[in-house]
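The same chain A turns up in both complexes below, where it pairs with chain B and then with chain C.
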Partner chain A sequence: MDKAEIRKRLNDIQSLPTLPPIVSKLNEMVADEEITAVKLGKVIEKDQVLTSKLLKMVNSSFFGFPQRISTVSNAIVLLGFNVIKTLIVTSSIFEVMQASDVGLFEHSLGCATACGIIAKLRQIKNPEEVSTAGLIHDLGKIVIRSELPDEYEAIVEEAEEKGLYMRQVEKERIGFGHGEIGGILARQWNLPERLVFPIEYHHKPEQAPDFKEIAAIVHFSDILIRALGFGSGGDPWVPALDHAAWERIKLTKSQMKEVIAELDEKLMELQDFTLEIKLDG
Partner chain B sequence: MARLALVTSNTFNRQDERLCLEAKGHLVSYKQDVARALETILSDPPDLLIIEKGLERNLDREVIAALKNNLQLALMPIILVVSERDIATGLDWDAYSVDDVISSQATIEELLTRIELSLARAHRVADNNPLTKLPGNSSILKSIQNMLDEQADHAVCYVDIDNFKPYNDKYGFSRGDEVIRMVGRILVNVVQEHCGSNGFVGHVGGDDFVFHVPNNEAEPVCQDVINNFNALIPLFLDEDDIEAGYFTSTDRQGNERRFPLTSLSIAVVPCEPGKYSHYGQVAATAAKLKKKVKALEGSNYFIDRRSGY
Partner chain C sequence: MQRIPIKLAKADMVLAKDAVTPEGQILCGAGTKLSEELIVRLRHQGVLVLSVQGHPVRMPGEKSLAERLKELDNRFSKVSSDPVLRALKHLIGEYWVVEEKGAEFLEKLKKEAK
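On to the complex of A and B.
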């Protein structure tokens, strides 16, 4: 499959599927009379597909905030309960949920958590935005998984066999790495560049045209969460740390300790939720 | 020429039928999957939706209800495609709040006629603001007068954006339009979440909005509106201005000066049953209140506590 063909496929994507248990959990919540948009948001912001869908809608031409909205809580205020409810009721799901789908879900959630902690520590104004970037950084993998399922399987297999990173095999087989694919889709969906660049450049953050700091935090969190073994990114290899990016966000030893301690605690809290998702699956 | 969305299993989707619609200059998007269609409709609404009854998982009812409950899309006409049997047995029109109905066996000429009629009818009733799609002046007047006549215990709330003109001058019209859309969305969502169909939101024009809600909801609604506005407005300001706490632009006399960051003012006029009989009286009270609330710094609401007119 050549690059033009892939671009065309990306252009045709209407919506991406997500994990069935998350959608059924949200459907149950929607049926409850007392439910609020904010409560729904707390679940939506744990899932990269639903989060990107919400952001796609709020940044669309009809809602009229092009490239402006980068967090679930802001999207919710603008979209309102009814739109969110409709999005949930009509969202598409994976017909067959594989272990790797749950792995990627956990990896994304873990990465978002780490991003939020580091962003706060670095006193970035809107840490939620950085965790959103972390949450959806691997959107490209979902695209390959759902649009090119055969390729996806072959890529995972080859990466494991030859000891290569996913993105190396992706580039070889389909011409794009998942970062680029996620970037193309995010741009097509009118998401703000503060999200597009970190997605596109999460493996080479110093090459991002702008928002290098967010890209560097996502890059580092991606590595950190894989090293901790929370979830799985598809291949078994922890990516190499970009030294220039590390220089940019360098944490001292004691800061690092702080990050790990807080991350440990938050991941423990998340485990209840991810376990629920796994058991329902 | 109109933009149509056709969500049917395959009805009205033969090549000659497609050609007929296109020959009339309509831009038609064909969809079979309701869920996917809905996402497109919500993010880029067509002028008219034609949807077939009984599509997968009974999502048709869900979708129709969702669109008709959406304050900004309620005026988009929906034509329901039904079987001959449905026409014979009749349908529950409260469950299907559509604008028109057509048999799946109808000719393309009939479909075309219904499309033209629906579009013309929608055009007649619309005094919606083009920017926010919210009801405009005549609907606002009608809604408030109805509320007074019915002696519903509501409060009428007048909203405007402080220092909007200098904002527009500094940041440009297109960002100004975004701020207005943002305020419109916040009002619609907060009013809907608190009061459902008991509330009303209209857009007078420019940076002026009006809404009315049951009296006991007025205060919580105002609080939520202001909280949401304060959470979002930084996205529409430059970082330097946020840091400085003001922005520089020109005033009405053309002098350059500093303006406080954009905020929201709401004047709340409670209308206990019998207190006002005419819309004009409410507006007069609001005009006096507005001066008071505008004099306060930042985003505020101010409730008229006087009894009697």
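On to the complex of A and C.
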């Protein structure tokens, strides 16, 4: 399959599968009249595909917002609860009940958590946005998996056999790394650049045309979450660190210790959450 | 610290964090030593999980500290020449050792290594 054909396949993507258990949980929450915007926003942001879809929808021209909306809670506040409710329910109707990748789901949740912790430590104005970027940073992998399932399987196998990173094999076999694919798609969906660039450049954050700091945080959070062995990003290895990006967001040894402790604690809570949705499903 | 389902809680375990109901209500504070009666009362209040000190319960399928440290090493095998990542690996390993065995144990290990 050549690059042009891959690009065409990406253009034709209508919808992506999302993790079925979270959808049923959301439906349940949405049915509850008492549910708050903040609570719902938090649960939605734990699901990367649904988050992308929701952001895609709220950024679509038919809402006519002058500025881009880049977080779910923002979307809920700006658009009102009923609209979001409707978007979620309709999106779940379109969900094809495909086999889910819990490992990648956990990896994404973990990365988002790490992003939030580091963004707050660095006093970034809207840390939820950085978390959101972390949540969908591996969008490209989900796309490859759902649109090119045979290729995805071959990529995972080859990466494991030859001891290579997924993105090396992706480049070789389909001409794009998952970062680029995620970027292409995120752009097609009109996601704001502060989310597009960190997705696209999470393995080479210094090459991002803008929002290098967010890209650097996502880059390092990806490393950190793999280092801790939480979830699975396809191959088992800690990615190489971009040292220029590290200089940008450098943590001292004691800050690093704090981040590890806080993250570890939050990951335990996340595990309760993923266990809960597994049991619900 | 370990998070355990309340049905695995035993008397004499010490809470590492407040015991809270799923609704977020705090029932008793970190540092409290559990008794059989207290565990029953917490269960009746709807508490599902507790954070306790140390690592008293071996969950099914759970890896030992030694296994986890070995896997940590493997995950870093492609970046072992990077000084920043090497430092990160050490910090994570030390954190796990302290979480499970306590700070004194880590000091002892460090002395032995010297």
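Keep this in mind: the second predicted complex is superposed on the first by the 261 of 281 C-alpha atoms of A that agree within 3 Å, B and C clash if a C-alpha of one lies under 4 Å from a C-alpha of the other, contacts with A are read in each partner's own complex, and residues count from 1 in each chain.
We adopt the following convention: contacts are C-beta pairs under 8 Å (C-beta built on N, C-alpha and C of every residue); 3 or more make two chains touch, one makes a residue touch a chain.
Model, not experiment: these values are computed from the prediction.
S.K.: Touch test for A:36: chain B only (first), chain C only (second), both, or neither?
M.R.: After superposition on chain A, A:36 lies in contact with chain B alone.
S.K.: Tell me which partner A:56 touches in the superposition: chain B (first), chain C (second), both or neither.
M.R.: The first partner, chain B, only.
S.K.: Between chain B (first) and chain C (second), which does A:74 come into contact with in this model arrangement: first, second, both, or neither?
M.R.: first
S.K.: Quick check on the superposed pair: does A:243 touch chain B, chain C, both, or neither? Answer first, second, both or neither.
M.R.: Second partner only, chain C.
S.K.: Once bound in the complex, which stretches of chain B touch chain A?
M.R.: Touch list, chain B to chain A: 34-36, 38-40, 42-45, 59, 62-63, 66, 69-70, 177-178, 181-182, 185-186, 188-189, 192-193, 228, 231-232, 235-236, 239.
S.K.: Can you list the chain A residues touching chain C in their complex?
M.R.: Result: residues 163, 165, 223-224, 226-229, 236-241, 243, 246, 253, 256-257, 260-261, 264-265, 268-269, 271-272 of chain A touch chain C.
S.K.: Okay, in this complex, where on chain A does chain B touch?
M.R.: 14-15, 36-37, 53, 56-57, 60-65, 68-69, 73-74, 77-83, 85-87, 89-92, 125
S.K.: Within their complex, state which residues of chain C touch chain A.
M.R.: Per the touch definition, chain C meets chain A at residues 1, 3, 49, 51, 68, 71-72, 74-79, 82, 84-85, 87-89, 91-92, 95, 99.
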